[in-house]
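One chain, subunit A, links the two complexes that follow: it is found with subunit B in the first and with subunit C in the second.
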Partner chain A sequence: MAVNEHLRTIRWAAWLGWQMESNWTSPFLFIIYSIIKPIMATLIVVFMYLIILKSVNADPVLFSYMFIGNAFYMYVAQVLFGISWVVHEDREHYQTLKQIYIAPINFPVYLVGRGISKIIITTASVIVTLAFGILVLGLPVNIWKIDWPLLIVAMVLGLFCICTIGIALAGISLLTARHGTGINEGVAGVFYLFCGVIFPITFLPSWGQSIAFFIPITYWLELLRRSMMPETISISGLANYSAQEMMVLLLVSILLFLFFSLIILKYADFLARKKGKLDMTTAY
Partner chain B sequence: MNNAVECRSLTRSFKGNAKQQAIIALDNIDLDVREGELFGLLGPNGAGKTTLIKILATLLLPSSGKVTVLGYDVEREAHKIRPRINMVSGGEFSGYGLLTVRENLWMFSQFYGIPTRIAKQRIDELLHDFELADKADAKVRTISTGQRQRMNVVRGFVTDPDLIFLDEPTLGLDVNSSRTIRDYIRRWVREQNGKTALITTHYMMEAEELCDRVAIIDRGRILACDSPCNLKKQVQRDAVFTLETTQFADLDSIGHISGVKGYTGETNGERQKIRIVAEEESVLAEVIQVIAGKGGKVISLTKVESTLEDVFLQLVGRGLI
Partner chain C sequence: MIDWRLNLRAVIGRAYPRVIGSFREPSWLFFDIFLPLLGIAAFAFYYQALGAPSVFIGFVILGGAMTAYWLNVLWSMAAQFYWEKEVGNLQLYLMAPMSRMSVLAGMALGGIFFTSVRALSTLALGLLIFGIEIEITSPISLLVVFFLTLFALYGMGMMFSSLYLLYGRGVWHLSSVFQEPIYFVSGFYFPVKALGFWVSLLASIVPITLGLDAMRQLIFAGQETMGFLPVSVEIVVLILLAVVFIYGARVALNFMENLGKREGRLTLRWQ
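Now for the complex of A and B:
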């Protein structure tokens, strides 16, 4: 019974999210926007790389490391931010949060449902970006040699992890309007810096590497790179771990994050009801 | 008959900041709303009506006291209350602007698990009843404020709750829209056995016309609670007058006259209309004397039937708005 209710909530929350993501313009403009936006975002990092190393061929392994990490990081930026932003959007902009909140649905499940539309759109962006990298920039990834089972399992676990962290941030967003964006950007920035997105974690000081080992995004990105281009193992700083070990580490860290995220959301939910924050409109 | 709502010693305060003291929005309230009742909370802005509704709708926790809704504790059993209630707030523009009116309603019906066939039928009927059928496929961002407010009232009823909270549902609406909403609320409670509506309003006429019982609330306290008829009987022992006068200084001086229980004043051009609830008719002589002493002149004087407004005047000593 409860499973059916959760599935129903996910279905309609995802539908709502999709309508809001895609319904603001004509389908043609939406598709153009969805293609151009990720490519432009990626080109920023590509040009930074070219300024330093002059050519993609100067170090194809490092280029692949950076490009793949940056492409998949879009999930972190879009989905994590998207889920936590639901609170702000529903409460302040649409003023529907209180109606959603008193509906007989599980609120974290609703948040994940809203995140699904972000996952779909970001998946399209990631595919466009990787295709652009392979076809235009010469990213040395052979799609016939990709370890698809590893890629799919890592993707599922990673997206689950991102949704979990998004739920915690949504909990914090229940309590604040002004600082919501800053907290989201701050967390995304921490992950960008410490999780080996565009440079190997060996470049970090030892305390920075300790942080990297604690965050599941580090293992997730490493597993994705290994599935697509195993050569990057040599520079990742995680060569001592097998894919299976990394999967276990990813799973354990996800469970820890899930536990803490649900506690944060539950406590934030209590505080929001106590302080009357669920229907506040601050015009931020 | 069971109680749909029970509040015992309910207090809710909001913490102030460094410059502001804590605000007591609800002060030790005891209140029962019976199942199948159309119950009104009547009070001015800031009286605590919305705070009470938010607590009952599980959006806000009480600071102290015990509150049950449909037999469940609002603090610990909110998940058992939510499937059976809904809430509508007037004067808000909520709704997903990119969705159509029908899509908005449909989505909420699905969150409540209403079966497809029933949800479709109910949405069509309600859109017809609230004169929104021609706007069903219009995007919410394109419809007027009043239409959006009616859509929200429909949203409240589309889930067919056992208990609905209507927080000033006709606020800011035109006469026809207000009447449509009032008629529907009355019909909904009367025709469906056991359905309960708790409506807050600061429109006297709305409370008097709609409600089986009314609680008069001011500054977080329930001052009286009874049927509109019984409440009015309380002031029938009093003398209620309206006076039309020329402008004069210091209207407040009327309130200081011994025997005046409450008054309201309304300026209309050169003239003032004053409504007075007094202990006895003899007080009127002093009222006229005071008006004359302040430079005013009584143009007309009428003894009137008491209304809920007079009950409020008697209890609070001032007008509602």
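Now for the complex of A and C:
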């Protein structure tokens, strides 16, 4: 019974998210918009690479490491912060958070549902970016040699992990005013810097590497790279870990983050109700 | 007849909440000073991983610092009338007797103040943390380029704000789509010359492209060969851009305001 209700919440929340994301313009313009932004963001790091090393073939392993990490990081940037931004958007811009609260739905499930529309859009962007990399830039990934089971399992676990962290950030957003973008920017910066997104974590100072080992996104990106381009193991700084070990680490960290995220959300929800913050408007 | 005293008061009045508001919320200093360094540090380590000369890390720090101004122009200048419309202030501005340009000028002044704190602190901390040495060839030229860039850039923001005036949620996405593509074509993290002559030329419509290019040449001595155009030429183009954008802002604002009145879209919220 409850499962059916949660599934219905997810379905309609995802539909709402999709409408909000896409119905501001024509489908054609929306597709262009969804493609241009990630491609241009990727081209920044690609050009930085080409200016120094001149050709993809100069260091194809490092290029693949950077390109794959940067492409999949879009999920972190879009889904994680998309979920936390729901609170800000519903509470302050559309002022509908109180209606969501009094509806007979589970709030964390609603947040995940809103995240699903982001996952769909981001998946399209990631596919386009990777296709652009392979077809135009010569990214040395052979789609027939991809370890699909590892890729799919890692994707499912990783997206679940991103959603749980997003729920924690949404909880914090319930209590903050205009700092939503600042918090998102900060967490994005931490993950971009410490998780080996565009450069191997071995280039970080030792204390930075310790932080990297603590964040599950590091293992998630490494698993994705191993499934698509196993040669990147040689430079990742995680060669001592097998895929299975990292999968277990990812799973354990997901459970930990899920536990803490729900506690953070529950406590923030309690404080927000107590302090009357559920319908505050501070940014508009 | 222009009432200069009234318009000056409007400029100060609109700049006031941006300046004073920033002091009333000290936590923004943390968000604005330390958090941008994380992304910049990622690009700096990336250049290290590529084995790039240290001057490229300097380029990243300079570009990263200047992103603050571009973000401010996009979100707090261009999109500002959209926010004002959403909160219900826009009609108050339109009813008040001062020029709309004074309101925009006030927004620009206030925005430049608090954005400069972020940009300058990012630049100073970035150079310090990564130990990048700078050698300014001409401090006066650097100041001229910096202020001309801001003048032209905020002029562009003023012009955009009028174009954004009538739109709904599309504004948010328009600003969003102008972020990464402009970071790329304007060469925020690498010399724009690398994109080739024609792309660099087209990108020069955005004043920060030439501003950054000139600043790179002036702050990192010996890097003139990486410049797109000589600094003197870039200064002349920046002056032209500033004049064109500020005049364009005035024309566009009048046109869009009249259009908005005719179509009844100036008070439309949650589009």
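Heads up, the rule we're going with is that the second predicted complex is superposed on the first by the 283 of 284 C-alpha atoms of A that agree within 3 Å, B and C clash if a C-alpha of one lies under 4 Å from a C-alpha of the other, contacts with A are read in each partner's own complex, and residues count from 1 in each chain.
Convention: a residue touches a chain if its C-beta (ideal position, glycine included) is under 8 Å from a C-beta of that chain, and two chains touch if they have at least 3 such contacts.
Predicted model, so just to flag it, every value in this text is computed and none were measured.
In the superposed model, A:Trp24 makes contact with both subunit B and subunit C.
The partner of subunit A that touches more of its residues, comparing subunit B with subunit C, is C.
By the touch criterion stated above, A:Ile105 is placed in contact with subunit B alone, subunit C being left untouched.
In the superposition on chain A, contact of A:Leu135 is made with neither subunit B nor subunit C. By the document's definition of touching, of the two partners only subunit C reaches A:Gly189; subunit B does not. By the touch criterion defined above, A:Tyr94 reaches both subunit B and subunit C. In the superposed model, A:Val3 lies in contact with neither subunit B nor subunit C. Common to the subunit B and subunit C contact sets on subunit A are residues 20, 24, 94. Contacts from subunit B toward subunit A in the complex involve residues 14-15, 54, 57-61, 79, 82-83, 85-87, 89, 92-99, 103, 107-108, 110-113, 155.
Put simply, subunit C touches subunit A in their complex at residues 25, 27-28, 31-32, 35-39, 41-43, 45-52, 56, 83, 86-87, 168-170, 173, 176-177, 179-181, 183-185, 188-191, 194-195, 270. Those residues of subunit A that touch subunit C in the complex are listed here as 20, 24-25, 33, 36-38, 40-41, 43-45, 47-53, 62, 66, 93-94, 178-179, 182-183, 185-186, 188-190, 192-193, 197-200, 203-204, 284. For subunit A in complex with subunit B, the touching residues are 5, 8-9, 11-12, 15-16, 19-20, 23-24, 94-96, 98-105, 270, 273-276, 278-279.
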